[in-house]
Amino acid sequence: MSIKSKELTLISPDGRRLDGRRPDEIRELKIKAGILENADGSAYVEQGNTKIYAAVYGPREVHPRHLALPNRAVIRCRYHMTPFSVEERKSPAPTRREIELSKVIREALTPAIIVEQFPSSAIDVFIEVINADGSTRCASIIAASVALASAGIPMKDLVAACSVGKINGVLVLDVTDVEDKYGEVDMPFAMMPNRNEITLLQLDGILGPEEIEKAISMAAKACKEIYEKQKNALKERYIELRKTVEEGFRT
Amino acid sequence: MIPKLKRQQIMDLLSSGRRVDGRGLEDLRPVEIRCRSVKNAEGSAEVRLGKTLAIAGVKTSIGTPFADTPDMGVMIVNAEFLPIASPTFEPGPPDENAIELARVIDRGLRRAEMIDLKQLCIVPGKAVWEVWIDIHALNHDGNLMDASALAAVAAILTAEVPKAMVNEKGEVTINKSERQRLPIKSIPITVTMAKIGDKLVVDPNLDEEEVADAFLTATFVDDKVCAIQKRGERGLTAEETMKALQIARQKAHELLKTVREVVGGG
Amino acid sequence: MSIKSKELTLISPDGRRLDGRRPDEIRELKIKAGILENADGSAYVEQGNTKIYAAVYGPREVHPRHLALPNRAVIRCRYHMTPFSVEERKSPAPTRREIELSKVIREALTPAIIVEQFPSSAIDVFIEVINADGSTRCASIIAASVALASAGIPMKDLVAACSVGKINGVLVLDVTDVEDKYGEVDMPFAMMPNRNEITLLQLDGILGPEEIEKAISMAAKACKEIYEKQKNALKERYIELRKTVEEGFRT
Amino acid sequence: MIPKLKRQQIMDLLSSGRRVDGRGLEDLRPVEIRCRSVKNAEGSAEVRLGKTLAIAGVKTSIGTPFADTPDMGVMIVNAEFLPIASPTFEPGPPDENAIELARVIDRGLRRAEMIDLKQLCIVPGKAVWEVWIDIHALNHDGNLMDASALAAVAAILTAEVPKAMVNEKGEVTINKSERQRLPIKSIPITVTMAKIGDKLVVDPNLDEEEVADAFLTATFVDDKVCAIQKRGERGLTAEETMKALQIARQKAHELLKTVREVVGGG
Amino acid sequence: MSIKSKELTLISPDGRRLDGRRPDEIRELKIKAGILENADGSAYVEQGNTKIYAAVYGPREVHPRHLALPNRAVIRCRYHMTPFSVEERKSPAPTRREIELSKVIREALTPAIIVEQFPSSAIDVFIEVINADGSTRCASIIAASVALASAGIPMKDLVAACSVGKINGVLVLDVTDVEDKYGEVDMPFAMMPNRNEITLLQLDGILGPEEIEKAISMAAKACKEIYEKQKNALKERYIELRKTVEEGFRT
Amino acid sequence: MIPKLKRQQIMDLLSSGRRVDGRGLEDLRPVEIRCRSVKNAEGSAEVRLGKTLAIAGVKTSIGTPFADTPDMGVMIVNAEFLPIASPTFEPGPPDENAIELARVIDRGLRRAEMIDLKQLCIVPGKAVWEVWIDIHALNHDGNLMDASALAAVAAILTAEVPKAMVNEKGEVTINKSERQRLPIKSIPITVTMAKIGDKLVVDPNLDEEEVADAFLTATFVDDKVCAIQKRGERGLTAEETMKALQIARQKAHELLKTVREVVGGG
């Protein structure tokens, strides 16, 4: 569904990508926790021009009831793109792609959640892509993970995520939309950095065994960097909340 | 029980001229408008009305006109109440509230002729611009209607759409590098009043919405009304209606000023 | 979606409309209560060529149960057009317009119903437009209101309804399809005449403050006239029922 | 329990040759046909069969023919069991009963060639008339099938459709002022028999439907059968089947006479 | 929707049909019971090029609960065609035709099932048409009936089925796709041969009274023949199962 | 409880190198491939993987290309988890599992360029072949993914599609009597590994699937990987991932041999 014009130069002879980045460099990443007041936890993530809101509701009752599990919480996840977030307006009804991504994002997050703590209840993760410029599922995981933690859901670890691409034969981190469309490979990746567990791994494109090993190691390194930013966002949120409470006392 | 207590508390405050969030009866909540944050949209705006947050995006595409208006562009307004915005919103196609909101905003824009649809005709009867206005609720703390309408208006005002060209063969091509504003004829402003007991308040927040008897939403253009929607499960007298419209008109002036400051619009 | 040809003369210099009516005149209005035997209450309304059936079922159990309210009846309303009721065949699936109209009609009727009398139950109002020639939501309210009363639902008042239009600059009552399409304004309106409460007010078109005031006063006056016809229809139904019962005794 | 009692009571009456509503086993309920009441439809009919009420409307539009029948018009039959008609009907897309009803009526009309679809071709392979027949149940007191079929037939017989013209450029235009009847080749009549215990009754009412073992619906054209549908959760012997068809054939004659009186049809 | 070219010769002067059959001859019929391991009962039927899988699940719980009947089992049936089973790919979503056929097949099977034995439960019959070459509903009934019996559901009788057609004026058994499309009549038929009850009868095409009588008698005769094959398939399945059990003991 | 016991039992066996069904950890179940059984499909294959049964059919039709690939045919993969296949599958549109399966298989076929879509262009920008690959689960005893992928590949390899011709007027016609194979560039093979505790097993059966921690599905073409999908609610280490890929690669070789034996493919 995309034009594959191998001649398009996505990376210059001196190793710079279209936006000036080096192969192992991620885009500027802003994370803000607690941005949506109604949600129990929320986060806003900007990674270059990829912009995402995530909200967490729960633990709360499951409707309909028969979907509840007696010994653990059910994690539900909806990844959704606004109609205007992509180049051609998309219908707001969920596409097959959105349904698949909702599933893999849920499976990327679930290993980090201590689900046994909330039997018979649901934890809902809602993700809205406001603007899409590549690597939206990884940015969604970054945002959702912070939203979960800011909702006070007990977690074994945060989940960090970063995609690896291959453009003009070179493995690169944090793929943009144009690199995805005209490049050779997109490999979304997520892990719990502290526990060293990969929770999301997809490959769309051809890689040899050594390339896969290298790609995974690049992604893991990037995840550690992103992990720090996630923790910082949570710290800032904590400081903000403390300030609000203290101001509350003062008035 | 609890709604009844809340209603009583809100009414007691109102009878002494105050509201639960400290506002006066005719005060709007603080308004924040942030335009052009969505790169993939031709136009976009995020609007905060207190803690209520809505986003609107404008996308354009080439389409065919309706058979009975062969020389006019097409405008479509759609609204989604996302589950991200409220514990009471569920995933799925728009419910009656989202559909009503979209249709009320649509009527306001259409009757005010905000976008001059005649200028969006490319080849009469064959090709016209379609303008898609998508509104998404992100946080619902009451009066999504006005926040959404404002977001739609700001997104339209700041949209920069590509140019369409017709070549010798009569084929339509799009030049994405050369962008221009949409043809704007007016700026309609939507204001919602709530009736609680015998009081009228402007821009109700979520607590007030939950206990209100009725709502009156009006869209103003140049001091005239171009769309009204009475909502809610109780009635209004003719006098209350006229009074509500009068207050709303003043508030529309305020909001129009804010819009002009932010976007420098016509 | 409609051709606006301001030149079209909808009202003649001597103040007559296309169908010969004066501005403040409503079309011939026939109301018949109790026409559908299965329903708990029903009515058929003909207002010019606008023809509508309304049926009321209830109070009855709510399915699914969680939609029931512990302290009042839930009012549900469905406004629906038959595919052949309009010029271009419409799909029988509910359109966005039908969904909005179902809501505003429900909100126009609810203020008149003593909902507290039937906790945990539902009252269903079903409206079928058989032929549409303008002002269908007002005719629906007229019919539904009579159907509710004929179902024995306790009510504070009947709800009467009449639209106001503006054609060639003149405010007129009870808008036809052609007046709606080629005119400047459509203002549907409903009220409880005895309680003086407006329960439906919509405006689609531009009016100044004085015009609105005048339009409301015209509509209120028309509603009083329609109110009498609604009461007459209920009286006729009552006489009919008494006759049936008496005949029943005789045989 | 209660259905069982009702069944017993109905069967007791039947064994003495009577029915719950006083009819004989082979009596139809009173039939009323009211045509042309829907101004916006090209054809329409409301049919009362006792207390059962159905309405059918005919609409036409220009469409493209199916690839394998390039020179034939298109006929579409749709039925909706509206919640207005019965406490057991729910809003939503047609259920299996409504779909079956529409398809049985469709087969009857199609096999009887009631509408001569060949005459509805405007430009072979390009443009033909589409005839939409929409049937709506308004009050369900049993045998919606026959009431619906009759309404469809009466609506078709009395329809007045616009004329299509092809201009020099080969474009199709519609002349709405000049109207004509649809090309009719025959009048199919549908009659439903119910089997209750070992009795066969014609035109079952709702009480009888609820306790019946099986149904046989047959559509007749010129003494021949062009469509049959056995329905219900029990079986019929071959002898019962042949007897049911024989009675139904007589009833079809009666109904055809009624139709001809009302509409003066071919 | 089909070209009716009466000139097409579907039966030769010496009474042979396009596939060489005589008018009263059915196609080769293979029935295999117990082919799908997950189902409680199943069958595979090949009738010429018509190929069908049927599976029975149940008696089992009914979801949602309110669909259960207190004094009998609910029979549910889904007739479904794979997208590739017909000449033009069909969407996998159920068509109106599939919904009608699901109903008539259910009503053809239900009279044979002793539903009173399993109150408040459901018996589900799922039918997949893998390749369609005419008479698929009859082949579905043949398969489903065997699947029900192999699931151990108590039955009054098996249901056998066979269609009758009319091609070039001659009544024929077991109609193929081309005979259906270009012939004059299709009359699907099912019965319980032992109880002499017709449980499915449809007619699509014109027949006089004598023709109907003859068609029914031809179909009934064919059903007796098919009935034997159904019983054989069940016997084979029984022998197979016994062998498995005995082998189980030996090991 | 019971799942926990089952998990324990399976893990105990695994720790002594055995599996519930007697296989070794790296053994595939017996594979049976039966092609061309569906006469109305251009290609078809039924694949048994132990007791798991899936069927795939290939249908072709003429369509228009996507705007951004005017000279390429179109391939669509769809999967249905039929209620016939498992007591847990329900009728209705594909759920997330069926959608994921179809999309993973689609990516494998597309990235391996199994079908040379360029050769399926008939008239650039106007007419191309659409290849529909429909996969239906018939019996689910675990690892529907690999059975489905294999069925799709075998159906594609053995498909015989009609020829398209363009006449002088530029119209596209189909010659159904002259058939040819689809243009094949490679044969991608999909293998799924399950992680249970600290063990990796190939081709998990249903019991194993129900207790597994995670899955890794990889599609191989010429010793390289062209698609990966990690599934399941727990994680994998990088070492486990690399080991799983290595085992899967060997199994892909085995399966490729089987495919070649059955269909004699490229």
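Order of writing sets the chain letters: A, B, C, D, E and F. Residues in each chain are counted from 1.
Just so we're on the same page, a residue touches a chain if its C-beta (ideal position, glycine included) is under 8 Å from a C-beta of that chain, and two chains touch if they have at least 3 such contacts.
Quick caveat, the model's predicted, so the values are computed rather than measured.
In terms of the stated touch criterion, the partners common to chain B and chain F are A, listed by label. Counting only chains that touch, the fewest steps needed to get from chain A to chain E is 2. Between the contact lists of chain B and chain C, the overlap is empty.
Least-squares overlay of CA atoms from chain C onto chain E yields a rotation of 120° to the nearest 5.
Per-chain Cα centroids separate chain A from chain F by 28 Å. One simple way to say how far apart two chains are is to compare their mean CA positions; for chain A and chain C this gives 51 Å.
Chain geometry summary: the mean Cα position of chain A and that of chain D are 58 Å apart. Those residues of chain A in touch with two or more other chains do not exist in this structure.
Touching two or more other chains at once is no residue of chain D. Judged by the touch criterion defined above, the protein chains form a single closed ring in which each chain touches exactly two others.
Chain order round the ring, anchored at chain A and oriented towards chain F, is A, F, E, D, C, B.
By the touch criterion stated above, chain B contacts chain A in their complex at residues 37-41, 44, 51, 53, 55, 57-59, 61, 78, 80, 82-87, 91, 93, 132, 134, 136, 138-141. Put simply, chain F touches chain A in their complex at residues 66, 68-69, 96-97, 99-100, 102-103, 107, 111-112, 216, 218, 221, 223-238, 241-242, 245-246, 249. Residue ranges of chain A in contact with chain B, taken from their complex: 36-39, 42, 49, 51, 53-55, 57, 60, 78, 80, 82-89, 92-94, 124, 126-128, 130-133.
Of all the residues in chain E, the ones that touch chain D in their complex are 1-3, 96-97, 99-100, 102-104, 107, 110-111, 187, 191-192, 195-209, 212-213, 216-217, 220.
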